[in-house]
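Here the chain labels run A, B, C, D, E and F in written order, and each chain numbers its own residues starting at 1.
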Amino acid sequence: MALIIVKKSPANKLSEFLLKLALPQDKVIFIQDGVIFAIEKNLKGLVKEGVELFALKEDFIARGFEESESQIPLIDYEGWADLIERDEKIIS
Amino acid sequence: MALIIVKKSPANKLSEFLLKLALPQDKVIFIQDGVIFAIEKNLKGLVKEGVELFALKEDFIARGFEESESQIPLIDYEGWADLIERDEKIIS
Amino acid sequence: MHIAIQVNVPPYTNEDMDTAIHLAQILVNRGHKVSIFLFADSVLATNKLVKPMKIDRNIPLKLQELSDKGVEVHICGLCAQYRGITEDMKIEGSDFSGVPEMAALIYNSDRYINLLP
Amino acid sequence: MHIAIQVNVPPYTNEDMDTAIHLAQILVNRGHKVSIFLFADSVLATNKLVKPMKIDRNIPLKLQELSDKGVEVHICGLCAQYRGITEDMKIEGSDFSGVPEMAALIYNSDRYINLLP
Amino acid sequence: MKKVLFAVYNSPVGSIWINEALRSAFGMYGEDLEPVVLFVNEAVLAVRKQCKPEIIGCLPLSITFKYLEKYNTQVYAIKEDLEKYSIKENEIEPHWNLKTIIKEELPDFVHSFDKVVFF
Amino acid sequence: MKKVLFAVYNSPVGSIWINEALRSAFGMYGEDLEPVVLFVNEAVLAVRKQCKPEIIGCLPLSITFKYLEKYNTQVYAIKEDLEKYSIKENEIEPHWNLKTIIKEELPDFVHSFDKVVFF
């Protein structure tokens, strides 16, 4: 199990490359411009089944989005820290 | 008539955005990682008819390509300077 | 836990230093040992001569405050030389090191978080 | 002709300074007046404390040589403050200016070449 | 009088480019120049009232509002990009006094300027 | 012994990242670490014999060859990316001692490392 950090926007090809690395039971956290992924309707289609997706709330809100626009759970820095504590492997 | 400079690789969406700005009789010069466009078989399909395309030879060769791989004329810095002298408007 | 964070891009122009500083604060408050490894253009964040506008945040000062709280701040020395940052410019509590220190952090840390360039 | 070149990204990490310097050399040899406007992280290129490895090019020195040949080197002063570069660090012949100088260059130059970030 | 376009394609939050483009634009009034600002791709996120880089500790966009008003600087955003992020008219911060432009008109629009600077 | 992956996704010419990734990798041997390097996207252009950043005045890739030999560092490139740029086997610089990996195997490959650093 790994935690994958996606910090670049969907416009950057590397982001999708990182999403494809995720295996079932991995977690992905979108931060910075990566949070723009959170409004994509077919976001779950970009990762394998069983991959958990999160977006960093502060970065999402700062970009003018409303919480209701997110297709995935929004977590704060404490939530991100929880994920970091839980998974030993971090890919970014 | 304008000279459009494309310096980012085809992987970057901005490059295609800039190519779409080109009007007939405009010139486009690919420099830096933009030269990777020069090997694209359907490159001319990315711009309007009548747009002239060039790639900076030095940047192309440095990336390991052979001159014969380029679909468009390769020009050196002197050639780029010619283009700069000719067109007043530069978009980049 | 020992958690290391590597940054690679310049402060202000991009937000990675802000992300790293915020994350480090949270992790320190949770009782973790935190190390920040500054690589490539991120070394600019340790230059105490940086003078932001008054309404803007002072990133070197924030790093200094983290260092005062026990966060280790490692600066890639060769990267600093390439950016014209000398030992006397760096904030208190930060250290010039290099790839061997990166290796030590990668080996010893429980978590290694790279913020890719 | 008066040709201005604006750079926005840091030297070494990216190649824009190399491109700008090479282009400026060619244009000067053709008899043009050339001005280089350094904005955002590109101001690092004027720091004479930059110490590259011996086998690498010395970008501030190359800029200095261009300046000796008559190329104007303008540094955005606010950008320099944000990067901790003070007046005494800048190479000879370069000047701290700002957006008013950018405006003057945009207005007066025959060609304005921006290398986008 | 010459016309200058400052086009921004970078995200408004976490990078300096929107603020730097606006600062550059405002500096143009010292010469006989007319600056116009264009938001492209993710840069259009800037126009929403709730877009606040200060939430993550970065410089607010709102520091530019008094100059936008003083100089009456024209700001454009690409219509299709606004739609991509579902940005509705009533969500747009009035200080931008925003005009929209469709992609089809962009080539002629950009060519109507004497100088063009992308950020 | 821990395994570390340095993956590079940036172009080999005009940016520092391939050289920095290799420099980082070579530094790992001071600890009980095994570094592996992976070239992704345009970074694969590095492997051609004729790829020479020194042509445009940048640091040569060849300064890394003696260390690659000394440490026998493993370097991988993504097969599909090599094909995208029509890089043929006989064009590959032998000093890289290059192995290829297909995209389908990447998730398991990347997960086989203890630490992963992208440049």
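The rule is short, and it goes like this: a contact is a pair of C-beta atoms (placed from the backbone, for glycine too) under 8 Å apart; a residue touches a chain by one contact, two chains touch by 3 or more.
Remember, predicted model here, so these are calculated numbers, not experimental data.
Novice: If every step must land on a chain the current one touches, say how few steps get you from subunit C to subunit F.
Specialist: 1
Novice: Once the contact rule is applied, which chains count as partners of both subunit E and subunit F?
Specialist: Common neighbours, subunit E/subunit F: A, B, C, D.
Novice: With chain centres set to the mean of the C-alpha atoms, which chain is at the far end from subunit C?
Specialist: Ranked by distance of C-alpha centres from subunit C, the top chain is B.
Novice: Could you find the chain whose CA centre sits the greatest distance from that of subunit F?
Specialist: Following the centroid criterion, the farthest chain would be E.
Novice: Count the touching C-beta pairs: is D-E or A-F ahead?
Specialist: Higher contact count goes to D-E.
Novice: Tell me whether subunit C and subunit D, two copies of the same sequence, contact each other through the same residue numbers or different ones, using over half shared as the line for same.
Specialist: Shared-number fraction above one half, so same.
Novice: Indicate the whole-number Å distance between the mean C-alpha point of subunit C and the mean C-alpha point of subunit D.
Specialist: Roughly 28 Å separates the two chain centres.
Novice: Could you state the distance in Å from the CA-based centre of subunit C to that of subunit E?
Specialist: Distance between chain centres, rounded to whole Å: 32 Å.
Novice: With centres defined as the mean C-alpha position, give me the subunit A-subunit C separation in Å.
Specialist: 24
Novice: Could you list which residues of subunit C touch at least two other chains?
Specialist: Each of 12-13, 15, 22, 40, 53, 112, 114, 116 in subunit C touches at least two other chains.
Novice: Which positions in subunit E touch two or more other chains at once?
Specialist: 13-14, 16, 41, 56, 58, 115-116, 118
Novice: Would you give the residues of subunit B that are in contact with at least 2 other chains, written as numbers and ranges?
Specialist: 11, 13-14, 32, 88, 90, 92
Novice: Flag every residue of subunit E that touches subunit D in the complex, lowest number first.
Specialist: Result: residues 2, 4, 10, 16-17, 20, 23-24, 26-33, 115-119 of subunit E touch subunit D.
Novice: Which residues, counting only subunit D, touch subunit C once they are in their complex?
Specialist: Touching subunit C: residues 10, 12-13, 40-41, 44, 47-53, 60, 78, 81-86, 89 of subunit D.
Novice: For subunit C, which residues count as touching subunit A in their complex?
Specialist: Residue list for subunit C touching subunit A: 1, 3, 15-16, 19, 22-23, 26-27, 30, 110-116.
Novice: Which residues of subunit D touch subunit F once you look at their complex with the stated criterion?
Specialist: Touching subunit F: residues 12-15, 18, 22, 53, 55-57 of subunit D.
Novice: Using the touch definition from the top, list the residues of subunit B that touch subunit E in their complex.
Specialist: On the subunit B side, the touching residues are 2, 13-14, 17-18, 20-23, 88-92.
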